Structure formats: structure tokens, C-alpha cells
Amino acid sequence: MINLRGRDIISSLDFDRETLEHLFNEADKIREELRSRSILDYCHGKIMITVFLEPSTRTRLSFQFAMIKLGGIVVDFGLEQAASIAKGESFEDTIRMVDGYDPDIIVVRHKEPGSALRAAEIAVRPVINAGDGWNEHPTQALLDLYTIKRELGRIDNITIGIMGDLKYGRTPSSLSYALSKFENVKIIYIAPRELQIRREVLEKIDGLVEWKMVERVEEVIERLDVLYVTRLQKERFTDLSEYERLRGSYQISLNLLSKFKKIPIIMHPLPRVDELSTDVDSLPQAKYFTQAENGVYIRAALIKEVLGA
Amino acid sequence: MINLRGRDIISSLDFDRETLEHLFNEADKIREELRSRSILDYCHGKIMITVFLEPSTRTRLSFQFAMIKLGGIVVDFGLEQAASIAKGESFEDTIRMVDGYDPDIIVVRHKEPGSALRAAEIAVRPVINAGDGWNEHPTQALLDLYTIKRELGRIDNITIGIMGDLKYGRTPSSLSYALSKFENVKIIYIAPRELQIRREVLEKIDGLVEWKMVERVEEVIERLDVLYVTRLQKERFTDLSEYERLRGSYQISLNLLSKFKKIPIIMHPLPRVDELSTDVDSLPQAKYFTQAENGVYIRAALIKEVLGA
Amino acid sequence: MINLRGRDIISSLDFDRETLEHLFNEADKIREELRSRSILDYCHGKIMITVFLEPSTRTRLSFQFAMIKLGGIVVDFGLEQAASIAKGESFEDTIRMVDGYDPDIIVVRHKEPGSALRAAEIAVRPVINAGDGWNEHPTQALLDLYTIKRELGRIDNITIGIMGDLKYGRTPSSLSYALSKFENVKIIYIAPRELQIRREVLEKIDGLVEWKMVERVEEVIERLDVLYVTRLQKERFTDLSEYERLRGSYQISLNLLSKFKKIPIIMHPLPRVDELSTDVDSLPQAKYFTQAENGVYIRAALIKEVLGA
């Protein structure tokens, strides 16, 4: 098992299976302890700074709640404001300055792939990647796997369909890397050809995971243990008529689901727009709000380990 | 008396007289305890999230100070940011997600009337309405009544003039509902005909409160125990020349007040623009900044009761 | 020595030498105590509100970290939001309201020179000026002097070159005032004529400090103990070709520095853009990130004194 104390968390490839399972157990324990109390003492007097240089509400709040429930303190960098952008400070200078304030842990989101790694190289303090462009979002992968584990009782021997814009999404890549740490996992990437998973992702999981690509969810839906839906991003299409043509095939509705054998669980990183209709919410298999809840506990487990608390 | 523990606070109609008086007493006690300390222990380790989806500074800060002075912790949802709006998550999804972070109490402001009630229906955790469009703002009514009680020594047997844009204001409706819980209250609604109080408000207070409508403050000013000024909103007029004609009659200045018998107290929910000139500030009857101060204590009393702390 | 307890901190002229040296010692002590703990207890249960009505990230964060590391609580006013600006509340009303929330200390930044003094006149609670337009930024001067003291071992008998836009900068004025409290300090103001230091600044330090003005850094660079770089603001020039002509003379690079005798220390208030190239960062004399770090400790020392903690 990897000792996470003081480590930067940049990629979901950084974890091994034992460490992931340890985090799941820790998250369960924290959840249990929080049944009778609103906050715990593990990180009492410790300071986290959340530096989200790209607009974000949900991931930021999830990290904040995680830290606060551990008894810690959160300082938010805030939106990079109009005048500061005009002043034009570089990302490197920002990170160096933030590190100089001497927080115990730094959580970073930035639109450029590789930015979290650059931050980690600059900062003395541990850095957690909360999303670096289309590259990675390792704590999203943690909460995804933690949800699968809790809902299916296992991560080994599952078939998961990951659907939507796989090319520009950081969730599909981080999730794939994390899944590659388990046994006999099959990933079916469901996307229009122009938005299929990036080659670099496949190269990293090749030989560890059995994968295939399909264009239509209907082809594979009955084989899935998990259907993981993400948004099909209209702005990625060069040909809008192509988007309009494909759109319907990438919308999950109660009507569509009713035509097939029941999928054990349906997941989504949220926020969702129309790729997952609200009539699905009432199904017991709909686990996306549970995912969001799980995010607080697994992030708390991670922070606790990184701080050695 | 109503036990507020775990309850949603959506409308000022939800309170009865005994509960209101209990809250006033609790607010006085909290104020007294805060004379010698900056913060208390009542909500130690409890978490409030403030979800203001409409720009707001004053009400948000007042709730934050209330919670912090009780020893609690505040997480702010933050302004719904450019990209998230683009992502287009629904209000329902937002509330469900926030509720899943498991705060002890949720404070919500949203531009749509009825949104706070919808939030309360979705959330497991107690929801406090901090303003739902033109509909209600119950904690504003609490601080208004608390101020009247402290300044006049009673709420029964008063005549109050509520002036300005009564049609689209949430303050006049919530204040009217709360006043209807007391004895022998007379409300005089002072507004141009097109901005008079909504019929639904009158229906709810009819038989409980004696009310009348007038167009000019001069007609009634000498009869008032309380003059409650709100802003006449230019943007509500279809005919701008009408606005220009009426404007002067809805501006309270030292000059205007000097022509009449002294009004015991002058109130305003703030922020004010030019409907209440700054030369009034020096009068001992000007109680609007006192109102704002009272807001922290009465909100603290409410939070304490809802959390059963 | 001045007893700072309960005092407003508006200008760096308000300090005397003994008080400044006391603050430096206190900052060193706080830094020492923070080696083994993330937060201290001095301001436990005390509340600071940061009211930054002009966009700012770094100064606000530095104050927040300072307060949190003293064990205190921070409430941020937030960006004055679109709708609130539309509502048009005056600065005076804002300060009076914030003061009414009864924080223990108020930190204010506002674009108008003199605004911090106006805030201090209105508020019962102590006000710290975090920048009032081009006028002053006294806590920046504190961290600048604290850095010089730590790096050179003295503030007496130094020659400092202050370079950039001196006319519209608040850093050069506050720094000059603070330096005037020490013995035998020489200030060389390095700026194009149209952006030279304001006459009022010179009047206040005249007879206390030996000063001169030059246009080019090369003329004086070998005489300096400290080179203090600030940004040359393009938007201040009426004649852009003049800006383009001057620009190169106000950029400090490794190449420029290599032509001269080593300057003991190079400082900058940050954020920097291209007036100080990143190739300088690796020099041991580059102390601008150290300055930013020092800011947290010296602000903590100041807050501790003002709160009598």
C-alpha cells in the first residue's frame, strides 16, 4: 500500500488497488463516525486552500465539506477576478504565492492539461488535482469506484459502459485508469467516432482492462453492470447537423431503459443537462446523487491520508 | 408555541405569536451573551450552507454572522458561475446535491416565487427561505418585528405605514403576514395604484389586520407609529413619465418630515438609494441601521431553535 | 511605542519606529510558533470581515491566512455583485452595516483615496486599510520593511531604488512613509517623468529621508541595497509611443542585472507581469516570494496587536 502522507495526488494511475481499498474503508469509517456528529477532529487546526481557476461549484463544495467535516479549515482562493486577470499573473506565480501562505494542503483546478503536475512541482505543500482540463480528475474516479464498490459489492469482474463525450472529458480517463487496477474489468466506450476515448488513455490501460468501442448504447446495454453517462458536448462538433443526428442516441430516458433488461446501476458525474432525463431519477438503479454524497466521504478519506491525520 | 426544531422556515405565516415572542426573547439573550464574547457555543460543530442563487450581500452576511456568532461553521455555495450556468443544472438538482453534502441547515435565496418551498420538499435537511422572488422573506419580517418590539415596547395596537413598491416586494408581504399575528394592528399601504400590495396578501391578512391603501404619505403620516420605507423601483413602471411624476411623493427627507408631527420610528430594509435621504440618518427615530444589527441576533435565535441547539 | 489596541490602521505614517520594530519581533515570534502548529490560539473566537470592494486576491488571502493562523474566523464580504451595484448602496451605508454585524476587526479595500479613513470615521470597530486607491497600502509597507530587516539585518543606512509607476501606485507612497521612520535612508525614485512620485509624498518625507529622482535604473543600480520594482502601467500613458519607448528601461531581467555589480536584494509587491522577468527568480537576491510569505506573519502581528490578543 502506498503511504499517501505528504504526497501529491495528480493522476488516478498513482493509486494501487490496496490503497484504493484502504481509502474506501476509511471513507466508510468516516461516514459511520459522522452519523452521530456533524464534524470530526482529524484535521483540527489544519488549513486547506481551494484554488479553482476554472469555474466550478460542485467539486469545490465537495472538497470544502470533506475538509470541514474532518474538523479542518478551508480558505477559498476565489474566482480569479477581472482586475487580477488584467494584471496577468502566471499560474506558476499564483501557485508559488499560495504555497507561501503555508496551507497544509492545496486543491487545484485549472483548464490546462498538466497544470496540476506543474503546481505540484512548484509547491512544497501537497497538491490535489481537482481537474486539469481534459486530462484527469482523480478524485472523481475515487468517488466513482467507491460508489461501484458500495452498490455492487465489487469492482472486479464488472462490465461498465462509459458514454458521452469521451475525447474531451477528464472523467472517462481518470475512471479508466482507476478501473485498470482491478481484475477482469471490461470497459465499453460508447460515443460517436469523433468523440471516442483518446488513444493515450487506451495505451495506459491496454492489457489491464478489456475494452471496446461502440457507437450506440442499445448495442451493449443488456451486458452492462454499470452505465456511466456523461454529457455529449454540442460545442465539440464541427458539423452541427451531425450533433443533431447523434443526440438522441446519447440521451438516457425511462422510455429507452424500459426496452431493455434492467441495468444494475446508472451513474453520472453531474451536473447533468438533457443527456439523462429526470424521469430516470425515481429508479432504484439511479445512483448519481449517491455518487455526489459519496464524494464527500472519499475526499475526506483522501485528505486525512495525505495530511497523515 | 411551535417547536421549530428540524422545521423548514418558508413563510412568516408559519409562526404564531407565542413563537415570535419566544424568538424575540432568545435574540435578546443571545445579544446579552455576546456583550462579553465574540462567539458562543450553541452551534459548535454545526454546518450551515448559504445558497444564494440571486445576487445578495447583506442577507447572506447577516446569516453568516448569525451562524458564526453561535459558534457554527458556514459554507457559501458561491455565485452560480458562468460555466455552471452554461452547464444548466436545474434548481432541483442543485438542492438535492447540496442536501447530499449533509449540512445541518440550508439557507436559500432564489428569484422564483415558491422556490424555497420546492427546496424544502426536496431536501432532508431544514431549509430557511432567505427570499423567493417577490413572494416572501420571512427572516426580514422577523427582524422588522423584533425592531418594532424593541423600539416601541409592543407590536399590538400600532399603526404602520408601508411605503414604496409593494407589489413586487417580498418584504411588505412577509411583514404583513407577521403583523397579522398581533392584536389591533393597522397597516396603511402607501404606493401608487400600479404598485399597490398584491390581493393575495390582503386575502391572507383580512380580518386579522385593519388595512387601507393610500397614494400619498402626507395623507397619513401623522397617524403612524412606524413608517416603513421601501424602494420605488423605476424598472417596474411601463410609463416612465408616470415614475418621474410620482417619484417625489415617495422620497422621505428631513425637509418632508419636518412639516409633520414626529413619527416614532422610521424603518427601511436596506440597501436604500434615494427614497430615504441621508439627512434623515441623524434623527433618533431613524432605526434602519439598528434593524440590520437586530437581524443578526434574530436570525441567530431562529437558527438555534431550528437546530435545537 | 504606540498602543495599537483598538486603533484604526490607515497610513504607514501612523507608526513610529519603536512600534514597527515591535511588530517585526512579534511577526518573528508568530512565525516561530507556527513551525510546529498550523494555527495558534491568539484570536480564537474573534471575527474579521474582509471588505474588498475592488478586485483583489493576494492581499485578501494574506489577511485571511493571517487571521486564521491566529485561530480567528474570517467572513468575506464578497465581490460587490451586479444587482447590489445596481441597487447603488453608498460606501458609507455599506461600512455602517458591516460595522453593525459587530465583527472584531474590519479590513477595507476601496478604489477611492481616503476611503479607508472615511470607513474608520463611521465604524465603531477598528478598520485596517488594505489599499485606498493610489493613496496608501500600509500593510504592504509593513511587509516590505519586515523583509528588508530580515534580509539585510537593518533598515537604517540603506539606499533603496523604487522603480515603475510611482505616481499612481499606493505601494511607493506607503513604503516611503514607513522608511522615513528610520535613520539615514536614501530613496531613489526611478520612473519616467510623467509617472514620478507625487509631490505630497515628498513633502511628507522631506527632511527625514534623502531622496532623488532619476529616469533610468542603470544610472543608479550599483549604489542600491534594495531594488524595489513595480509595474509600469501602460494605461497611464497618454502617448503610447512614449510607453513603447520607455518600456525596455523599466524591465528587470537577468541580462540587465548581469551587467552590473550585484544588488543585495530585489523586491516586488506582486503580481508581476513583464517588468520583472522570470529568469531573475533563480537569483538568491530575488526576495519577492519571500515578501509575500512575510506578509502573512506581519499582518498576523498587526491584527494581534489591534485586537489586544
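We call the chains A, B and C, going by the order they appear; numbering starts again at 1 in every chain.
As a working rule, a contact is a pair of C-beta atoms (placed from the backbone, for glycine too) under 8 Å apart; a residue touches a chain by one contact, two chains touch by 3 or more.
What you see is a predicted model, and the numbers here were worked out from it, not measured in a lab.
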Same or different residue numbers at the subunit A/subunit C copy interface, by half rule: different
Once the Cα atoms of subunit B and subunit C are superposed, what angle does the rotation have, between 0 and 180 degrees and to the nearest 5? 120
Averaging only over C-alpha atoms, locate the centres of subunit A and subunit C and give their separation in whole Å. 40
Subunit A residues touching 2+ other chains are 79
In the complex of these two chains, what residues of subunit C are touching subunit A? 34, 37-39, 54-58, 60-62, 64-65, 68-69, 74, 76, 79, 231, 270-273, 278, 289-290, 292-293, 296
Which of the residues in subunit B end up touching subunit A in this complex? 45-47, 49, 73, 75, 77-84, 87-90, 92-93, 96-98, 100-104
